[in-house]
Amino acid sequence: MTVYDLGAIAPLLVLAGGACVVLLADLVFRADERVWAGLGAAFAVAAAVTALVLGPGDDGFGSEIRRDGASVFFAIVIGASTAAALLLAIGYVAPARLPAAEVTALTLFSASGGLLLASAGDLLVAFIGLELLSIPLYALTGLLHGARHADESSLKYFLLGAAASAVFAYGIALIYASTDSIAIGSLASATSPIGLAGIAFLLAGLAFKAALVPFHFWAPDAYVSAPTPATAFMAVVAKVGAFAALLRIGGAVTAPGVAGLDWRASLAVLAAITLVLANLAALGQSSLKRLLAYSSIAHAGYICVAVAAGVVASGAIAFYLVVYAALTVGAFGVITLLSNDDPTLDDLHGLARRRPLVVIALGVLLLGLAGLPPTAGFLAKVYVFEAAIGARLAWLVILAVLMSVVSAAYYLRVLFACLAEGEGEPARGPSIGGGVVVLAALAIIVVGIVPGPLLDAVQSVRF
Amino acid sequence: MTLALVVALPLAGAIVIALFGGRLSRSLIGLIATGALALAFGAALAIAQAFAAGKGTLVAELGPWLPIRGADLTLRIDPLTLPLVVMVTGISALICLYSIDYLGHDTGAQRYFAALDLFVFAMLLIVAASNLLLLFAGWELVGLCSYLLIAHYRERPVAASAGVKAFLVNRVGDAAFLVGIFVIFASFHTVALDELTTRPPLLAASALLLVGALAKSAQLPLHVWLPDAMEGPTPVSALIHAATMVTAGVVLLLRLAPLLHGDVLSDAAVIGAATALFAAIVALAQTDHKRVLAWSTISQIGLMFVGAGIGAAFAALFHLLSHAFFKAALFLGSGSVMHATDDELDMRRLGGLARRTPLTTLAFACGALGLAAIPPAAGFFSKEQIAAAALAHPALLVVVLATSAVTALYAGRLFALVFIAPAASEQARGAHESPPLMLAPLLVLAAGALVFGLLVSAGAVPLGVAGATEAPLALSVTSAALAVAGAALGLALFWRGPRSIVPLSLADVARRGFLIDDLYAAALVAPFRSLARLLDTGSEALVVQRSVDAVAWIVGRGGVIVRRAQGGYVRVYEAMLLAAAVVLLAYWSLR
Amino acid sequence: MTPEQAIFAIAGPICLVAGFSAVRQREPLSAALSLTVTLVSLAVLFLGLDAPFLAFVQIAVYAGAIMVLLIFVIMLLGVSHVDMPTLQRPSLGLAGPLIALALFAVLAAAILRGSLPAASADPLPEDHVNAIADLLFGRYTFAFEAASVLLLAALVAAVVVARKRSTAREWPGR
Amino acid sequence: MPTEAYLLLGAGLFALGAAGVVTRTSALSVLIAVELMLNAVNLTFVAAARRYAQVDGGVIAFFVIAVAAAEVAVGLGIIIDLARRKTSVDVDDAADLRG
Amino acid sequence: MIASALVALPLVAAALCAAPLLSRWSRTIAAVASLAVAVVAFATVVVPLATDARISWAAVLGASYIVDVDGVSAIFITLGGVVFAVGAAASAHVPHRRAYFALWCLLVAAVDGVFVARDLGLFFVFWEAMLVPLAILMWQWGGADRRGATIRFLLYTMAGSALLLVGVVSVAVARGTLDIDALAARPVPASAQLLPALLFLAAFAVKLPLFPFHAWLPRAYVAAPIPVALALSGIVAKTAVYAIIRIGLGLFPEGVAQAAPALVALAAVGTLYGALLATRQDDLRRLIAFSSLSHLNLIGLAVFAATLTSLRGAVVASVSHGLVVAALFLLAAMLARRTSSFALSRAGGLASSAPVLTAFSTLAVIAAIGVPGTSGFAGEFLSLAGTYERYPAAAITATLVVIVAAVYGLGLVRRAFHGPPLATGPDLGWRERALVAPLLALVLVVGAAPWIVTDHVGQEIVPASLGAR
């Protein structure tokens, strides 16, 4: 192991090591539950900082793990969102009586899996990353014992996830059979039918993780049942990891141009199906969490629009993912502020009167989710659409904008529910979670008005 | 400067009254209004003085208006329009003076006098505008003021409706007028009259302008608003009929004659002739003394159209002015009668007023003489001029003469029924003479009606337009004889009170203007309403709104279906997942 | 017939039939036993493919540890959990085989049409276990470490899932 | 034996596993079907490794076994938990979340 | 610089309105800020001042912060300031006043932004930003049907904006910049203009709304609180007029010209259609709604005709309609306060008890139906005369509206004020007079001196390729 290797895996080490530290410390010390979540958040922040400080450099372990601009960027995003989710958890674990140390450790493990998936240099590491990302999530999903059917959705998630990872693994095997290599770079030579079949299976496996329709069926249930901070975490980190891997694989597949067209066509079709079905499904939801779940599936569709545009759109994808992360953490964060973990829209009545600041923040977040200016959500959509138009996907863009109108309908329902008169669920007092929500909303506005730095930063996302 | 003053004074009067009239007494308001008009009249006389001294035209440039070539706030007065300006200001000042007592108990005096002054301003704009657009502005404002004044008694639904009707019919003409301006502007890129007169006339534009003139002057087939306009206070009728409104069409034809296509002008003459005879016959059948006068106006304007149409500008202008005198006298007389009899309008319930209201009778008689064109009243000379001009058009001449006869007949009938026949009601028996402030203008106008024709014929009052023709003696004699005969017949027949000469049903049809109103109601108004209803309940509700509902429904329905697909069974999800993977696989590997 | 061909001819069909049985058995226990047969026959195939170490791992870890765990759980939960089709549920009796058939057909078409890269003429390294060790601690060091983290995470996850009854309280949801 | 034969065998196993995943209603049976699929993966790796005279395929298969073990551990935990709560591991009984 | 101030001013006002300490003054702050915007904007056309600003924004996306004020935008901003000031002043006794007036000021800022933006991206930002305060104002303070009406309005306009976004994005990709002036200086070839023109016009047509894309309009006007309806019709609709001029004609003159025959036909039909429907309405707000539809389509007609005269007419007509509709909505509210209903059938004969209300209403109606001397005539005449030069048939069709407008306009006066006094109420108090009188005075001033407006609409507004007269 060289210093280069260490540099490449430093953020990973911080995350996985942090998980171990939390577990061990929990055995040794008796501390307030909240401490563990806070400690985990600190490790996540440390991972992000590590990635930021070390920056891109030479790959580690013979290119098994990449240390390019993309890895660094996604490490920062994953670290920051994990930290945000764990901060949400600080005020959440105690009333929910969750085993804080284990939850924190699992979250950090999963985050390291996401990072592994995002920076994998070969398919085996990607597969391990996928599993490391998923397995803690299966457990986290079922953790909220009293919640509606937590065990049911945990089981569903697990069974579907197991089948999907089998598909992904089979894809790797087919690639290996057709190219005698599992390096991601070798996908370019997988031009025989067997190799192409492998690529198709890789795509299916990642589409599952990214929750693209029709691979999305686990997502609404899992999102609703999981403890809300975990929902926020999995909605962000799983997608970041999956899309990073999709980009990486896509870059290799489209590099020689042989299969580039197929890759883009497949993703364009997946994007179209996802956009239409997810937005339609979100329309009639009465549960806020479920609505947001479908909304996050729909957002995967928007990202996928850019993925379909090819590697040139990596900046757009990165930008969208960052914005999406802030929006999602913020929106689910609002739920952690309510005393009911699965509020209906009616439960939001009167919230504007009782917690005006929260509603303003939620309003900003919803505007961002709907892609309305002056939020960063708008710029993210513009960026994605520009990439897609540049790739001659005008039809997809038109579909996407029309679907964003449909999405506005359900986001506004949420906003208007908050504005409605009535006695909904009582909200908890000010908390760290509230701070996270407000911060997310603030970030969305600030980036919407001063997008320059972030736009410059995503230019560094190169593979 | 003086010219600007003439036009601006009535406007200033209107503005002052509108803004501050609320705090002033009724008579003071009336005095302000009258004063403004009188001053304008004085200024007009001053201009006349200048013209008599040999000045050709007078132009007042007051600034820009619309960003169109020629569409500036510029006034222009020439020998043709000068008499009109004098007449308009003078007669309306008298009418305004008359109104002070007439409106003595009306709470709406403020808006009445404001509108009256505005009315005069608008008419002066028509007369003195230097471009089509400014002329049109006056044109529309005249319509607006007529609406305001006709609907003066706004609590009365009939009056309110009559006002709306007047405005609407006028707007039909205005729309045509507008399009006419568009045509002219599109062709010549200017609306300045002095520039346009040098251009060849356009047939379409001429026809459209004529439609405008027909509506404003209540000529066939757009005459329907005028009889209903009687719902306004009687001085308003005097104003509309004599000075300010209905003659605007004739003014238009006279002023724009160089712009108008020859064919259109002859059409105007034909329409005028037809209207003249038609309206005279209808007037014969009226039972309401104001309505007789209203129809008579339509008829007389028709004669002016004949004159203007056949190019006899002098004749038309002459008749316009003399008509202004005698019609103003008649209407104010009519108002005096109403004042005397508690607003009794039905001639069959009047009678015998000659003894009870002698001065009114006298003035009315002068007016009636003018209307009947019995020498030496003004109407005789002016009508003779029209007839003389029509000599070249035998058909028109016949109609003009026939109209004269019928006119004299109904004038005689009117006078006989109201003043000579035995009093037929309590109101008639209890009639009393009007106050002096009403009588004075009435008598002035009556005198005018009597002598104006002589003065003009003698050349004492120059009209500024050349073209007086020496009527053949035979024609003069014939027309005078027809007039006298007609009037005598009318007096003789109705000396003793109302009687039926033609079958009642026929008389009734004639009285109702040969049912043209009903025809319009059935053929225009009803379809219009149906169309609006069809659009409201049909296209708007069923197509425009429903189509949006339909899209919303489809999207919502799609949501329901999609949510149903999420049925809860993990095996179905697995099947979907694997099936999608198979599809992807097939797409990728089977090429 | 080479030994490899013989092994394939015998173990291949067994493997398939046992696999078929594993997915056809209603009772999980029978299915698990059928799967064990598949695993063993696969180990035999691995032997024929010159992968003796993997064959050993297959028997020891897969058939030994994993399947024992599975069977233990099946026994723990009792045999009442029989796979019983009922009428109200979505009957995917046709969809499953159809999907499988389509999957196989497409894969088979790809395999039969596909031209794999030329087979290497070199023999596999003699010292099989050493070669594996070299790879595991050479080229695949990182994957190995990652896999260890994965197993640790899975351990924690399993513990958390098992422990949650005692720690979590009823959440005031619907 | 040609590598294709092994690949076909693997494809068959994988397809069988897929059928099992869809048709079985006991969570345990589904888990077994997934194991079948993972074994198809391993067979493919080993067969390919043999063709290219590499050891890598076997090593990867080794990793796949490790992953399968991890999955089974967590999966069994979840199934046991479900069984304790619902006294059923029938996946069709766990179908309350929908829409 | 000043252009930025026009947006910043209401934003600051919004913050002040939201401040708890200034709660009592929030209405004054909103009204004064709006009025200040009007004054500053008008000052820019009178005094030559540096107005533009240019800051890098989302350069990667091709968007920059470029703002400027020229004659046309200054006129629209001035109108907006007046309308917003009146609307704010008319919002007495609203509940949750801090939120209300803060949203109001945000709306002002967004509308100003639309008028000053010289970058398509920035333009779109402001364009969409208008929706949010509008929607919340309608939803929270609206009348009976507010929910359905708000959703309908929002989603319909957003559907239009969606296509606009596609258009903006396409331009960004194809041209690499969104700077409106730079784009206008080098237009794309005529053959490639139709498609982007249609994408852009879709949004503008919905916002205007061009017939038959007006399905949101009647319900929104009825459901919105009166000041919001006033702003919606008075100035927000004008953003579409401005956008068609600035962006549609500015960037895609040939494209608009190619689509113009169809657009002109729709607008001409819409002009009549709105007026015809207005004759059928009993609810005053619906009547005003359809009358506005008619007017706005006439304005649209003039813009699509794109001659100098018609464009000047469109601007004047926009100003006129903004002032008149504001007055009409205020008067409708005052009438409704007296009869406790917006239904004309519940009014009648108010003239005898409320003569000033009658006089004001009559004047407003007269302006609405375009009688000379009022701004309505100047706008209508220039629009139609200009249109006639290029599309005579459409102009003639639309000219028929002067008749139909008289039917509904005078019908309104007759039904509400004339006839026997069925309804009575106190006459206008001085506060109410002070609210409406300035609007009516402006109507007369612009009617007598329309050059105040048209002097600032120069030849450059006409796309060079379309030729000019």
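Order as written gives the chain letters A, B, C, D and E; numbering starts at 1 within each chain.
Everything that follows uses one rule, which is that a contact is a pair of C-beta atoms (placed from the backbone, for glycine too) under 8 Å apart; a residue touches a chain by one contact, two chains touch by 3 or more.
Here the structure is a predicted model, which is why all the values come from computation and not from measurement.
**Student:** If you apply the touch rule, which chains end up adjacent to both chain C and chain D?
**Tutor:** Common contact partners of chain C and chain D, which must touch each of the two, are A, B.
**Student:** Would you mind checking the shortest number of contact hops between chain A and chain C?
**Tutor:** Contact-graph shortest path, chain A to chain C, evaluates to 1.
**Student:** Taking each chain's centre as the mean of its Cα atoms, which chain lies farthest from chain C?
**Tutor:** B
**Student:** Report the pair of chains linked by the most C-beta pairs in contact.
**Tutor:** C-D
**Student:** Just the number, please: Cα centre separation of chain B and chain E in whole Å.
**Tutor:** 36
**Student:** Approximately how many whole Å separate the CA-defined centres of chain A and chain E?
**Tutor:** Each chain's C-alpha centroid was found; their separation is 43 Å.
**Student:** What whole-Å value do you get for the distance between chain B and chain C if each is reduced to the mean of its CA atoms?
**Tutor:** Comparing mean C-alpha positions, chain C is 101 Å from chain B.
**Student:** So the centre of each chain is just the mean of its C-alpha atoms; given that, what is the distance between chain A and chain D in Å?
**Tutor:** Distance between chain centres, rounded to whole Å: 26 Å.
**Student:** Please output the residue numbers of chain C that touch at least 2 other chains, ranges allowed.
**Tutor:** 89-90, 92, 95-96, 99, 103, 106-107, 109-111, 114, 116-117, 139-140, 143, 147, 150, 153-154, 157-158, 161, 164-165
**Student:** I need the residues of chain B touching at least two other chains; which ones are they?
**Tutor:** Correct list: 563, 566-567, 569-572, 574-575, 578-579, 581, 585, 589-590.
**Student:** I need the residues of chain A touching at least two other chains; which ones are they?
**Tutor:** 124, 128, 131, 135, 138-139, 142, 148, 154-156, 159, 163, 167, 177, 180, 193-194, 196-197, 220, 284-285
**Student:** Between which chains is there touch?
**Tutor:** A-B, A-C, A-D, A-E, B-C, B-D, B-E, C-D
**Student:** Mind listing the chain C positions that touch chain A in their complex?
**Tutor:** 106-107, 109-111, 113-117, 139-143, 146-147, 149-150, 152-154, 156-161, 163-165, 167-174
**Student:** Looking at the complex, which residues from chain B come into contact with chain C?
**Tutor:** 567, 569, 571-572, 575, 578-579, 581-582, 585-586, 589-590
**Student:** If you look only at chain A, which of its residues touch chain C in the complex?
**Tutor:** 1, 5, 9, 16, 19-20, 23, 60-62, 64-65, 96-99, 102-103, 105-106, 109-110, 112-113, 116, 124-125, 128-129, 131-132, 135-136, 138-139, 142-148, 154, 177-180, 192-197, 339-342
**Student:** List the residues on chain E that touch chain A in their complex, please.
**Tutor:** Its residues touching chain A are 56-63, 121, 124-126, 128-129, 131-132, 135-136, 139-140, 147, 150-151, 154-155, 158-159, 162-163, 165-166, 168-170, 172-173.
**Student:** Please output the residues of chain D touching chain A within their complex, sorted ascending.
**Tutor:** 3, 7, 10, 14, 17-18, 21, 27, 30-31, 34, 37-38, 40-42, 44-45, 47-49, 51-52, 54, 56-57, 60, 63-64, 67, 70-71, 74-75, 77-79, 81-82, 85-86, 91, 94-97, 99
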